[in-house]
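Notes for the one structure printed next.
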Amino acid sequence: MNGPGGMATLADHKRRRIDELTARTAEGGGVSLLRDAGRRLLRNPAAIVGGAIILLFLIIAIFAPLVAPHDPVQRFPELTGGLTVDSIPGASAGHPLGSDPLGRDFASRMIYGARQTLFVGVLATLIGLLCGVLLGAIAGAAGGWVDMLIMRITDVMLALPSLLLAITLVALARQPTQWTVIVAVAVVNVPIFARLLRGSMLAQRESDHVLAARALGVRQRHIVTRHMLPNSLTAVIVQATLTFAVAILDAAALSFLGLGDPDINRAEWGLMLGVDGVRYLEVRPELAYFPAIAIILVALGFTLLGESMREALDPKNRR
Amino acid sequence: MVRVVLRRLSQLGVTLIALMTLIFFWLRSLPGGPVDALLGERATPQTRETLTRALGYDQPIWVQYGRFLRNVVTGDFGNSIRTGEPVADVISRAFPATVELALAAIVIAVGLGIPLGYLAARHHGRLLDNATIVVTLVGISVPIFFLGYLLKDWLTQGTHLFPPSGRISTGVENTGVTGFFVLDGLLTREWDASADALWHLILPAVTLATIPLAIIVRITRAGVLDVLDEDYVRTADAKGLRNATIRKRHVLRNALLPVVTTIGLQTGTLLAGAVLTEKVYNWGGLGTLITDSISGSRDYPVLQALILLAAVVFIVVNLLVDLSYAVIDPRVRVR
Amino acid sequence: MRAPGRQAYWRRAVIAAGVTTAMAIGAAGCAKSDRDSGDKGAGGGTFVFAGAGDPKNFDPIFNDDGESFRPIRQMYDTLVAHKPGTAELTGGLAESWSNDPTGKIWTFKLRQGVKFHDGTALDAAAVCANFDRWSTMKGDAAQSQMIYYADVFGGFAGSPDAVYDNCKAQDAGTAVVTMKKYKGAFPGAFALTAFSIASPAAMKQYGADTVTQSGDSFSYSAFATEHPTGTGAFTFGGWNKATGEITLNRNPDYWGEKAKVDKMIIKVIKDENTRKQELRAGTVQAIDFPAPADRKALADEGYTVLPRPAFNILYLGINQKNPKLKDLRVRQAIAYALNRPQLVQTKGPGGSKVADQFLPDTVLGYAPDVQKYEYNVDKAKQLLADAGATGLTLNFYYPTEVTRPYMPNPQEIFTVLANDLQAAGIKVTGVPRPWNGGFKDDVQQFGKQDLHILGWTGDYNDPGNFVGTFFGRPKDEFGDQAMTDMFSAIDKADATVDQAAKKTAFEQVNRDLASKWLPAVPIWHAPPALVTTKNVQGLVPSPLTGEQFNTVSISK
Amino acid sequence: MPLLDVRDLKVVFQRKGAEPFTAVDGVGFAVEPGQTVGLVGESGCGKSVTSLAIMGLLPRRGNRVTGEVLFEDTDLLRLRPQDLRDRRGRDIGMIFQDPLSSLNPVIPLGLQVAEVLERHQGKTRQAALRQARELLDAVGIPDPARRLREFPHQLSGGMRQRALIAIALACKPRLLIADEPTTALDVTIQAQILALLKDLVDRSGTALVMITHDLGVVAGLCDTVNVLYAGKVVERAVRHDLFADPRHPYTHGLLRSVPRLDADRGGRLHQIRGSVSDNIPWPDGCAFAPRCDRVIDDCIGATVPLTPTRRRDGALRCTNPVPLEVPA
């Protein structure tokens, strides 16, 4: 293939050359793989169902103030009136799902719950992803003792079962807040993302287009940011999708253990299930069932989508 | 092989020392802690002072660290704040309980998971397969403490099919031998005790098995599907071997290789799940111990030892899995 | 309850296994059990009681929590006891007691023929041996574990604050205890379970005084863990830590009303939900501390719910370290802003009452005519405006990872109270802290909070045990160092030996606490409960959670 | 009577959501006892599918197999699965392309040989293993006693293929189907394996169906050759005729694309344009037409039948065949 000569500088030439090489290596990987994967994804009913659940969840979360009939933290006299420690009013006019244990509108809390749950899940995933990707990229790009050190640290973290690590982190926090929960759940995922990215970068370091780039004298940073990272990210995105489901389940488990977000004003499904749901299971089972079903559905949605994505990206399934 | 084991064990040592140091200094920097935990609402300031002195918290931190390290090296993790017993005693009592529960869960997960996964693969793309996939996905998505509560609610209340909590009925005599109640009953011929312990074990084990079961079904299914596509299965077919032989000798054996790894990885899930399951069923194992030593009591000596134990178990189990892999898969053996 | 027969076990195990399999395959049907209701059957046999936590050890003096005291109370007796179901004093090991007019010399006439479980006799020498043991206990480790002793007796031998002087055996049946000064805690404190009388011989034999420090905690002697020896209605049968069961056997030689059951087992079940389920499953006959939400359902199902007379207090503490809160009007505004009746109605355990002062009405010195702060948001706003404290922002500390009889659910209580304060225009920043992970430190030692919730369960019937504990001395909890007249008033009332005068003095203290000082806002008295199966008789709930189980019988 | 008579074999793959694809389209050929017949063609022409269809080894779902596969007058396609199982390995053996993946990696070699003897000859494990050692010896594996205990990955490529041959011939089948048995091997090993096969087949009188894309293999081994293109037999001839006078332009092209030592060094190697997937978009007509140098209008109009030629056992499917070579 002939590059346009003339005004192009040497650097430009090199860059173009690498892009060509990348594209060629990606023939069977890379871009066409992505397009292929996308097509397979759209044909997969599991992915469609997962995507639909997530979409519905997102819509409710984003438009919660429009959808919800009431303020989720307001206590209503008509609800507190009938509220005692051993009975919680059920559905009534204006309150389709009745009251929560403090006389607040349960339906509104369920709806706002989508928002908070999304918040916790997304942040926990994102923080874990960013830290992990950063560590993994550094390890993968630098190699040598830096790599060694980072990998030892992830070893230590992986040596503890995930929920146990989260429990420990919360126990070791000075003050339980929503953020300790988010961070604890996030930290659990850091080593996973770090190893994932590092592995994929190491594989690429040996691959043709990176070797070629190096041979052509392209700067290390450029190789990492322009060529290695983007190619590793697909795997990371798939993992992130699956992580989201785990994150909201872990947050719920922490709440159940009494180590979750202490602010029960916050309408978050895990918190609602793990604290009120379990405590008032006999008084009003709906307080457990609704958040539980919501969590199961959303976790299912993300798992379905994540698994379908992984399947679609798997070169073995290219038929 | 020996070199690999030695290297892994030395890595374990480094990991543990790093972990312990980290935990030690972190714990000392926290508010509250042992002094608070040992004293109720009624302590006078003088008592608080006496206690601080008695525990040596008035000494410089590096002196405390030195003492801590010396103790740990000699295997002394101190006493539980909550019960005053040596941590080693507390843990060695809880350990068999959790291992019994975890083993039962593994037995269920493997015993049901492999056949189900195999069946699903055999019915690839058909109803049974799809149903299995959906059920396992839901299984992975259910918060297991919630599942535990539901099972408990349905099967222990009103119907009294199972006992709601604990490891053995009050008043049933069992002589402690191993700490595994079911096994103890068999060893001492206290059949009642053994049956009763088993009866208590079922619900918690089922609850704990949910996630590993779902995962094993999926891994087995994927493994079988992969293997069914392998050339050597076609070879076996071309030999005219009977279906059963092919299934057992050529398909399952190879398909189960990844399952073995998965079982190792599930140790983590099981330990984490045990925390939730044991709380639901008041099981009195390591999981309960972890919750108890954090929530409400901040029993740091126990917590410290438990974290180390979890790390050791996790690493050792993974080492064992690697080794067993080497035994099962001849390709790994030579390397 | 006796263990069901062998066949029943096998049958159930088989049914159970079958059901499990059915469930796993996804064909869970609604199987009906053929198991007959388990609460029938047991004769005079075994009484199984579900407690809520592990005991620490069984040496009374080294304990300060109810879960340790529960078994201890069955195995030991105190010199002075409480009448069943009340906080009133009655004879214990001492048939009678008296004090001289200075309130310093206490004479105990001991019951004749009482024997410790090891067969040695309870006499004056034994009683004095106990007092002397406490006061001369050696070592920081041991001393730091004698919470009640340090609190009631001020300090150990040699300390300038020590209250105890000496104990003389006048004769075998008379012990004379001399104090260095009068304390209002007496004689009530002699009934504290921590001051139970133990066998000196057994203590010597099993090295009771050895408390050794190990790491961050302590280990106790064989006396405390394996050979507790008192005079109580039950003898120690064993503590199976693996199953969390403490076995106590009937003491056939008990001096008082002998136990009606042969054996009792205290089974530790920490989770309130599980306690309830075990009760329903018939595996325990009584449970302590049912979840407030479950009481009604259990009563409806035919269980006997026994609420204890409320002997506790939950309060909202106000910290005057914050200059804004030094103004009485602001503190009163806070009191007016709280809708306490609604809190009691919506979240109070059955039988809860709004508290208008810091002690229950059964305690000496309760004043019916204290200033009551009826819920009134407008008045609260007005007072805040008057004090120039509009737009007030306060931090509000509340504990997590804990439930207390007076505070079954701190998070809910905080949320409701904070909500009320917000409605009155006070901005509230909630600060959650784990109970043992900083809450007590931050609140009681460092006084970091503006507001907090905390409470107390009384130990004995004495106003000093309530208001004296809270407000008898300057505390960082309330930042009330400047309120010297409050301290001296309480001190004076507490030092009054004459009971009638003491009553009047404390009534005035309570009135002043409400109207003049208001260092905190009393919230509620919330009675904790016990629940038993229908066939359990004779369990008398004690306001001090000090139930004795010798009166319990189980009918067919 | 031929040992194997394949008539009008048709394999159609049907995948959900995709057009049905005819991989084998009316293939027919016969194999006499002891004869070696070649099936030749590029990858994708349907030769492997043909062999799998004969053996009944195609996946049970997703395809439709029609026609007849008469083995000693029994139609294998109509046999019950278990009856077919009884014949596979006993009457018909098969060797596959990739010897490594065709052997089970986690089972010792000995058992993999022995199990077929246990199955069809009812031998005990010990007896079967003893015979397995002899079999390994017979296919030229040195130190067979040790090899019995070893695993496939411990053997070299050539030895693995020898082991597969031993397995296929263990029960002395009357027919052996070899599907590209040498493709995955080094050139030197290829020759050894071919020699071994030829030797064994000759000695035991086993008929052999040799499936290959390598005309060199055909030249050395086969009595009769069937050239397949796009699932159809396009030319059939005895070996000599085919190499001397290829009539079909495809066969012709194939032969000319083999490098020859005696060729003019300056001349370019012949290429056939495109690949098998360049099909004409309609079912009728010659599938090779888009790539053919000799294409005429008739080629794409109507179905071209396979017609016998005057040569012995010859047949041809072409409207405009390459003329017989004029002696130079």
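We call the chains A, B, C and D, going by the order they appear; numbering starts again at 1 in every chain.
One rule holds for everything that comes next: a residue touches a chain if its C-beta (ideal position, glycine included) is under 8 Å from a C-beta of that chain, and two chains touch if they have at least 3 such contacts.
Model, not experiment: these values are computed from the prediction.
The leading chain pair by number of C-beta pairs in contact is B-C. Central chain (C-alpha centroid nearest the global protein C-alpha centroid): B. The distance from the centre of chain B to the centre of chain C, with each centre set as the mean of the Cα atoms, comes to 36 Å. If each chain is reduced to the centroid of its CA atoms, chain C and chain D end up 89 Å from each other. One finds 52 Å separating the Cα centroids of chain A and chain D.
Inter-chain centre distance (chain A to chain C, centres taken as mean C-alpha positions): 46 Å.
Counting partner chains per residue, chain B shows two or more touched chains at residues 30-31, 279, 294-296, 298.
Within chain D, contacts with two or more other chains are made by no residue at all. Multi-chain contact residues of chain C (touching two or more other chains) are listed as 401, 433-434, 437-438. Of all residues in chain A, only 73, 75, 80, 83-87, 101-103, 171, 174-177, 258-259, 262-265, 275, 278-283 touch chain C in the complex they form.
Listing the residues of chain B that touch chain C in their complex gives 30-34, 36-44, 46-48, 50-51, 53-56, 68, 71, 76-87, 93, 97, 108, 112, 135, 152, 155-172, 176, 179, 191-192, 195-196, 198-199, 202-203, 206, 279, 281-282, 284, 288, 292, 294-298, 300-301. Taken in their complex, chain B has these residues touching chain D: 230-232, 234-243, 245, 249-250, 253-254, 257, 328-331, 334.
Residues of chain C that touch chain B in their complex: 1-3, 6, 9-10, 12-13, 15-17, 19-20, 23-24, 26, 30-33, 35, 38, 46, 48, 54, 56-57, 64-65, 139-141, 143-148, 150-151, 155, 161, 213-220, 241-245, 265, 267, 269-271, 274, 277-278, 280-284, 401-402, 433-442, 445, 454, 456. Interface of chain D with chain B (complex): residues 55, 57, 85-90, 93-94, 96, 98, 101-107, 111, 115-116, 119-120, 151, 153-154, 164, 167-168.
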